[in-house]
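We call the chains A, B, C, D and E, going by the order they appear; numbering starts again at 1 in every chain.
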């Protein structure tokens, strides 16, 4: 019986190891295999570490292509995804990425790319919509060039939606990664008149933890709004110190990973099977497997092109993180509900969940 | 001809050289002597350009050189050795010499056989592929001289070339210098504390003391100069016979 | 040509033979995907040999090579990418950068020119410094260039991909470049500049007193080194088709410096051996990391081993072989030791 | 006006942190000519020990501080023993590269045994309280840090200039064997230097942890890179130079952040490093020491 | 005081001294003569422990050949080494303090330093200058003074007159004479055979790593007979 081979030339070490989608993918593949596979076909994951190096990812890709894979996934950065997709494309194989939100993957540069999530403007819009509901008018955004469009353009999209709805963008402030002292930026924020209602930053731990803490102790009560970078278990540590620190914090993200959600349930199941899956990003790997499962089932074969065709044409594909996603209208990214997550007594709660309609023009 | 006129040098508060003048004639072996710390090495550094002068002038064959960088002076023919050896540790003896010779490659080298003869004469032939570290001290000193010679110097300045050598070796050095002068006529400035060596080798002496010029002249004049005796040679008042010996040798 | 230059030619020829043997082995027995690894190794080899030119001969530590490589890669990429592609990848580029496309040759020449010019400009500063000063300023160059790549996203796309670069080069071409580089670096080492630079490294004052213009010698080596990095950068862009700022930063610097010092920075052969050894070693470790089965024994997964090993190699070499595998020797010194002249 | 004072205070606090780290680098450099890039990993090690001790033994912040200091001192001395002792006689390049190697090893160990994610450790956060003085706000941490730096520099200067052990440290940098010939256990002298540097790293670690509340494998790299630059501006190996360089960098960094138009904000680091490069070209031996003429002397 | 048997000294693969025996009696001054490269410095390095050696080295009856360098120094061996090896970044004064670093009676250090500044006034003038900027001869004086700052039981001097002006050379030999009278044991390596022999009680001549001749100083007269032996000029 043939197997369903999926290649994972991904960073298991180095600065980007936290993306590790293999964790979720392994667990989901194991679950499906234990249930007898996809019409008797078992999943087989080919995994090797790239240390986030593009060259290595590419040579591993070529190697996996020689082993009849159905699809492959790699680090969610376009500088690696594009060449990997180009090479995979030459053999008809698709790249199915679980976490990639970068917009330029959808500019038509490759046609064999599918991502399980929606691009950055969607998260920005969902967050902005919720902020507007809370009466936010005046916003300040913090940007950095270091995270690509995620950290530089995403805040702008957020501001665009706010401004379109009658709000004001008061200022843009800049920062660099590894900031452990935000005093200069906070001094600037304190100088704003009127005081901002919300501060948007698309960034990650630990820097944002420090920012939130320093803002609060400097007496700045504005909402702190963010994107999927906030979706990290270590943010919850702030609640241990003082749950009220997180009271006015929320973020738009890729999928709802809150207590009681499907993702949390999945993580529990994995833990029972002895496979540790931590955090949102690794869990999303399970969606990749579910998407491929659907494709293989529908196509009735492991021919990569047929599988991709099946996935793109599906009205609805059931995945782990949400009930369903679809690629019918978009071709390369999933239209799915974007959750906005906030905190109640330090616990994550879903504040809103929608497929935003008013996404700024990004294409 | 090298002419030093009213040259001074101070390091912060230390007046290492104060308005010193002397002339080294063509083809002359000129001794530069004086007590420790008199400023001899400093004077060499000033002439070779490793230190910039605080005042005065230095001329080589009538061209002022005191404004030029050290490497340019070396190319003009001011070569030197160092009191604390400065050989290229990771280069073989051959290549140590080559570094100095390279400068000459563009121009037509006068007397191409000079180096080869010097290498034989100074006993380096057998160690051409060795690195300096593995050589005995005396041989390193000789290598410094040959290396300086590769610049085909007009003025060759030697800073205590006989330090650490015994009498036999000093004698041999003396012979080598004599040979050298016959083979490659040039002015030689010689700093030494071995008075016997100085007195027999030099045609002219300049004595420095505490940064100042004390006297300059023929060895015979110098050795009978009261001030020089007082400041440098010593008056034989010491308890052991050593200084008397030295005097004797001086007179010889 | 003097004897050391003749030996230099011999040594370069031997190293080239080694390179050709490796490439030959690939064509005979290799699998397609290994071509990538080989190509990447050769790009690194270009960089490491270029590093040897300055770091090895001057015995100064510089970390800016990744920056120069990046500059050349971007310059070549921006010039060569077809206009239609640039409309997608660089829609906001200023100064009409996205309105023209040049032939690969012209693009490469422009990239070399720009990098060389910047090499000269930075060299004017670097050549004045010694010791840690050089390291610091080189780090400054690396950080500044990286910041600009990140900041001017309209031109460089920052950490995002600049894609659509046509694939111009392949294994045969880079093999030729590597061989050229080896001859070049060896020629430099044995040239008057190389010799003078090595003398400066041992004793700067001594060298000046021997008529060596320290400043100019360092400058020449620095600029020449940047040309090697430029070629490597162009080769990188012309093969991969996609570049970003990420690979041209500290990680790459560490890797290449480790390669250089394993082989021994004083020798070109050392640079070559170091690169080959570390590349092979990393491939092996990468395979071991994933927990393969050897002789029926299932090894555990050991992630992070490759990074660890890189550090261990650096520390180990520095401690036990401070001048690297080759030290002062070149390949021909091992195969045909110098005859000692009899006195 | 208040705003200006506020930003000046910020600059001081940035500077104090750099100065503290730079001191740790400078002391090792002045003793054995080693550019210790692994200093940042010593700091990170302090952070990880805090996590371990904090979860296993005690959550008492003061005991934890002791544990962090001890851990940093121990690991610093251990590094000297296993890695740096072998390259003691080697030249600058060798030492620098060894330190790089050690830094890579430690970072990967943290990754392997710890996690690529930040691990929270929030026990020191209580140090970071905002104090309002009129319209100006200062963090208590900023005050502690500036004080700690001042005390450290005072103590170190006294130690190096006035005690035999201090003298021996400086002497060992020049001629290790000769120090032994003078009858001193030179190994111990150098170990002491590393212990002092570890202590400084521990102090810096406490302040950093108080600010960020979590550890990361590469958390030490950036601050040490900056501190390294501070050292060089001040004249490598000079302790007052390190402090001065640290404060100067802090000032430049805040100034660039505040004065540069926000659209150029991404270039802040570039501007800082460009300034550094220019300073170095102007004064190769650091701003404190005008280029000294040495002639043929060493 | 010092007794050496079958001493072999190696520098890496090179054996510089091939098995020599040597005795320095308590309070005596013994001179080691020999051409360049004979192994004189190597012998001294073996005694201080800075060179690798085999054989017996006994100081005041105890075998010290296994002791580390600093322990030997603590037992009273001091050296003014070849190449002077002053601490160039430390000031002149600090160099002297370093010399006394192993000493227990800290109180007398200050007066000892003043004593040396009287002996060598130029050093006094340069007391706060980095020692690296001293002239060659000044450094030599400093090296000797530093060795004596430890108040050693046995003093090893490696070519103390190297680079010194005649007057200072004379002074150095005077000082050595004084030290001898004070009962300090001295092992002297010198190129200046005449002066050295005059001072010393016993003489060893080293050639190519072996002792080629030895005897009481008187036997060598003014040393001129030795000149023929000490000819090993390389080349």
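The rule we apply is simple: a contact is a pair of C-beta atoms (placed from the backbone, for glycine too) under 8 Å apart; a residue touches a chain by one contact, two chains touch by 3 or more.
Each chain and its UniProt protein: B = Amino acid/amide ABC transporter ATP-binding protein 1 (HAAT family); C = Amino acid/amide ABC transporter membrane protein 2 (HAAT family); D = Amino acid/amide ABC transporter membrane protein 1 (HAAT family); E = Amino acid/amide ABC transporter ATP-binding protein 2 (HAAT family).
Since the model is a prediction, treat every value here as computed from it, not as a measurement.
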Reaching chain E from chain A through chains that touch each other, fewest steps: 2
Pair with more cross-chain C-beta pairs in contact, given B-E and B-C: B-E
Centroid comparison with chain C (C-alpha atoms), farthest chain: E
Centre-to-centre distance between chain D and chain A (centres being mean Cα positions), rounded to whole Å: 36
Gap in Å, rounded to a whole number, between the CA centres of chain E and chain D: 42
Gap in Å, rounded to a whole number, between the CA centres of chain E and chain C: 51
Chain centre separation (chain C, chain D; CA means) in Å: 31
Residue numbers of chain C (touch at least two other chains): 150-151, 205, 303-304, 307
Overlap residues in chain E, where contacts from two or more other chains coincide: 133
Per-residue multi-chain contacts in chain D, two or more chains: 108, 111-112, 266, 268-269, 294-296, 298
Parts of chain E lying in touch with chain D, wherever the complex brings them together: 48, 50, 68-70, 73-74, 78-79, 81, 85, 87-90, 94, 97-99, 101-103, 132-133, 146, 150
Residues of chain E touching chain B in the complex: 14, 35-37, 122, 126, 129, 133-138, 140-141, 159, 162-171, 173-174, 177, 191, 193-195, 198-199, 227, 230-231, 233-235
Interface residues, chain D side, partner chain C - complex: 35, 83, 86-87, 90-94, 96-98, 100-109, 111-112, 225, 228-229, 232, 236, 264, 266-270, 273-274, 276-277, 280-281, 284, 294-296
In the complex, chain C residues that touch chain A: 31-37, 40, 88-89, 150-151, 153, 157-164, 240-244, 246-247, 251, 286-287, 289-290, 303-304, 306-307
Chain D to chain E touching residues, read off their complex: 164, 167-168, 170-171, 173-175, 177-186, 294, 297-298
